[in-house]
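Each of the two complexes below includes chain A, the first together with chain B, the second together with chain C.
Our next item is the complex of A and B:
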């Protein structure tokens, strides 16, 4: 009797171990598939930016360049806006690759500068406007508070395409067409509601008593915000910074409408134009693509370490 | 240093909730006042109005003689301890305690001195470098007290400071708060829903319900001479028992309480206060401890019923008692052995009876 029970127990244990093993294998395989799906395009982008035009089109593709070259990057940093690339002179500038340099190659670096300026300004202005607004909405009871929050949220659900024409009319009226100002202004209109929404959620999660304690301790409302709330909000501030930076950096539609020359064109516009040139150099475009993802990655790496949880642990009994 | 006076103070929220109604309260300098009441009774709102954290809808709030209705919290010389402690999680214990002084631009060495002194008194001087998250509940509570102490404020406000602590710690902290009040010689306003805290700590208790002050008085006043049934029921464990009935045959010197078969001759001191109230509907209150089983002698003051629950509480026991269909609870000695269903006779201490008007709930005695 005892032996049968024992045997049954061992059987049960084996079945359990087997089911655990099966589950782990399934999870592992799924993870690999997902990782390939996410990383393969980026890997190809980076890999091909170090390949010649000829190598890129080889079949099967070379994931690791056989003859790595920096020609594509040299072409980007060598190109100047003054240098006119015409149909006749379009090739030969990249003799090693035999690729073609787009006629607007010289605009790439200035556009990157524009993108950086716009994104940075949008981030800063977002914080300046969004933080006090969110604090007020979260911690001060006033008439119309709920209505304000809903109103701000509603502006967020309107698709950008619906806003393009009104935006255009306003921007033209203000005389801001083809200037960075037009982009900063419209990107703010798009991102501030999101910022306020995220921060309101976060501030509401911080106990009211912290605010009261700070004010009884001698803080004005503003000091309470700066000295108590902001240090505790780092994770959500970082989320806001990353979101607004990336939104501005990637934005295409509004930039396409409001910018016409290299004076205000941003990176997505210039990059997209490369595909509609006389001929297309994939190696060059991919190198430009690699440059385009560098700033967001740098920003993400800088701020990622501030995204820590549990910063508020211990504020109140928990 | 601070006498705090409420004069016809009202608090209405924008959603129409009337949190505090016509509050008149004169808190003397160095007095320990406890605001006592169930949740939502307006006691915390009252405290927040003293701190300046809630606007006052109407009336005047004075510190000494100055009206402070519109002074923001940082302009009022008050310190506050919160139920959740509300320590700044990103600051060390030292910075938490010193923050109020830093905001008031006290010199650094003075801050250092006062923080260490307060930490020493509270026995948390070995924790000054820790973060709040590394402290136990009791230690956080001490930090919160320290943060208020170093300010040496004119008034010390406490919003249920002990309700997050476990029972044993709560009792020892009660003693410490009482000692703190004695040592600091300043006005304390303390909010709680715990009758035991109120009775142990207060010089005077303010009992509130639905935003209205029910009674203001010393702990003794409140317990022994409750003004209405709300106050009588709110204090006492188990709560006071009520028996509804009528006053019979009062000629100014004798009075009799009757409910069905149950009838008492009320003592002359009570009868004198009733005047001519023959037939009046009243509610008789008997505190749980005001009965005696051993001396069930004096005829006319005995109630009889069946035991239908027994709750031992260590030092004595609570007896659930069925009086002709009405459930009463009494506190009796634990050495009295009873079984469920036993018939019991209890002698009521007539001199400690409470008598209320049945409709208004107001006392008929004082």
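Our next item is the complex of A and C:
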């Protein structure tokens, strides 16, 4: 009796150990596959941005650069890039191909500056209009609250492409074409509803008693919002700032319609212009791509916790 | 004396008693309403108005009112129907791929194992990358002369010469869908993880006690519990897919031929290359209506949560 029981126990244990092993192997393999799926394309882009034009046109490709070069990045960051790196100088260095660094290479940094200005302004405006609205929807009882919530949700699903034609005609009439202002205004349409949505979710999670206590102590609604709710809602504010910033930084369609010159072109526009020019060196385009990828990825990795919690609270990115 | 409380007095008492406060709410909501009226509601209505006119920027002084001509022209335009079909293909392919991959990834990330946190951080990378950079990256990967896809398949002996991937009418839309899926999977995964995490552990315990094996547990507990999450992901990603523009602009410009001539690209060409703003407005209106129809369920789902 006792021995068969023990044998069964050992058998069970062995089976358990085996199933643990299978589980671990499955997890390990899938984790590796997932990592390759996510990282391989990016790694390839980064690797090609450090290759010379002679190396990048090798068949089959060099997965790791044999003679890594910073030439492409120097062209972007070098103050005198426009004079120094031209078709002739580049061909001289690199006779294997005609691929060259465009004279517009110097536009990348100013475009990044434009993107930064637009994104910052959009963030500030979002907070200014979004925070009070979210507080009202979450903590004030009033007739028409549900209607307001649905209204904001409806504005959230308007496709950006449906706004392009009317925006274009209005902005042209206002004489705002090719200005950063037009971008800031139109980006509000694609960011504000989402901002309100996330903040409402968060404010709802804070107890009503906080509000009441503050009001009993003589705070107005506004003071209660600023002194009690804002300090507590820092994580959701961070999430909102990140989303709004990244959305504006990455936006392409509206910027394509409303910008024409370097005065207002944002990073995605300059980048897109490179990709359609067949004379530009591949390695240079890739370097520009890397440059566009680095800031948002760094931000996302650093603030991962806030982003994930914001995405889950807001359910969906706007 | 009879009770002579005026209606407004009664209203005030009601307000004080139950904390109703329209005046403050209006004050707090005013800025957001002004902004949304200006940048969302007005443009959408203006777009409807524009769609009844024949507006060619090449003839700025002749903008006749044409009733529904823009719409009837649209529906009798062959290229429009081609673009609808391309959009449907692109959306169905990408949304189903996103759903399947995100399901697998979320099941993986729902397990406890070493390196899970690092892996979920890495997964955010595609989400953060701008669409234009994503397009640039995939254009380079698909490159017919020196791209990674050709290089890899060649080295592995799957192909004996380099292929012009994006130039192949039968493959283009799937290759673009692949780039779209790669970027959208992280968000879908995060959304699915929410509903996975909400499943109580004792449900699995009970099922195990009842002798359910791993597949039975998956099909009878996990999948049904993920249904709301799936709904959200499917609807949201469909809305994103049918309006997507950036990848088509950079990777193929609607080509080769009309192989990737999707609706958003059609609108762009009609409006900004043919400078025909009236029909452009009509088309964007059709797209907006389709999105609204789709989002009805979406809004119902989300609206219930607030």
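Simple rule for what comes next: the second predicted complex is superposed on the first by the 262 of 318 C-alpha atoms of A that agree within 3 Å, B and C clash if a C-alpha of one lies under 4 Å from a C-alpha of the other, contacts with A are read in each partner's own complex, and residues count from 1 in each chain.
Keep in mind that, in the parts below, a residue touches a chain if its C-beta (ideal position, glycine included) is under 8 Å from a C-beta of that chain, and two chains touch if they have at least 3 such contacts.
Bear in mind the structure is a predicted one, so any value in this text is a computation, not a measurement.
Asker: Applying the document's definition of touch, where does A:205 land relative to chain B and chain C: first, second, both, or neither?
Answerer: neither
Asker: Determine, under the contact definition given at the top, whether A:188 touches first (chain B), second (chain C), both, or neither.
Answerer: second
Asker: Is A:175 contacted by the first partner chain B, the second partner chain C, both or neither?
Answerer: Neither partner.
Asker: Which of the two partners, first being chain B and second being chain C, lies in contact with A:164: first, second, both, or neither?
Answerer: Once the two structures are laid over each other on A, A:164 reaches chain C alone.
Asker: In the overlaid three-chain picture, which partner chain does A:141 touch, first (chain B) or second (chain C), both, or neither?
Answerer: both
Asker: Name the contact category of A:113: first (chain B only), second (chain C only), both, or neither.
Answerer: A:113: touches no partner chain.
Asker: Does chain A have more residues touched by chain B or by chain C?
Answerer: C
Asker: Need the overlap of the two footprints on chain A, from chain B and from chain C, as residue ranges.
Answerer: The overlap between the chain B and chain C interfaces on chain A comprises residues 141, 143, 311-312, 315-317.
Asker: Which residues of chain A touch chain B in their complex?
Answerer: By the definition above, chain A touches chain B via 141, 143, 207, 209-210, 212-220, 223, 228, 231-232, 310-317.
Asker: Using the touch rule from the top, collect the residues of chain C that touch chain A in their complex.
Answerer: Its residues touching chain A are 18-22, 24-29, 31-33, 35-36, 38-44, 46-47, 50, 104-105, 108, 111, 113, 115, 119-133, 135-141, 143, 145-148, 151, 154-155, 162, 182, 187, 190-191, 193-194, 232, 236, 239, 242-243, 245-246, 249-250, 264, 267-268, 271-272, 277, 280-281, 284-285, 287-288, 291-292, 295, 298-299, 302-303, 305-306.
Asker: Per the contact definition, I'd like the list of chain A residues that touch chain C in the complex.
Answerer: The touching residues are 24, 27-28, 30-31, 34-35, 37-39, 41-42, 44-45, 48, 56-61, 125, 128-130, 132-133, 135-137, 140-145, 148-155, 157-170, 185-186, 188-189, 192-193, 196-197, 200-201, 204, 221, 225, 246, 249-250, 252-253, 256-257, 267-268, 271-272, 274-276, 282, 285-286, 288-289, 292-293, 296-297, 299-301, 304, 307-308, 311-312, 315-317.
Asker: Spell out the part of chain B that touches chain A in their complex, as residue ranges.
Answerer: Residue positions touching the partner: 13-14, 48, 51-53, 72-74, 78-80, 82-90, 99-100, 103-104, 131-135, 137, 140, 147, 151, 157, 164.
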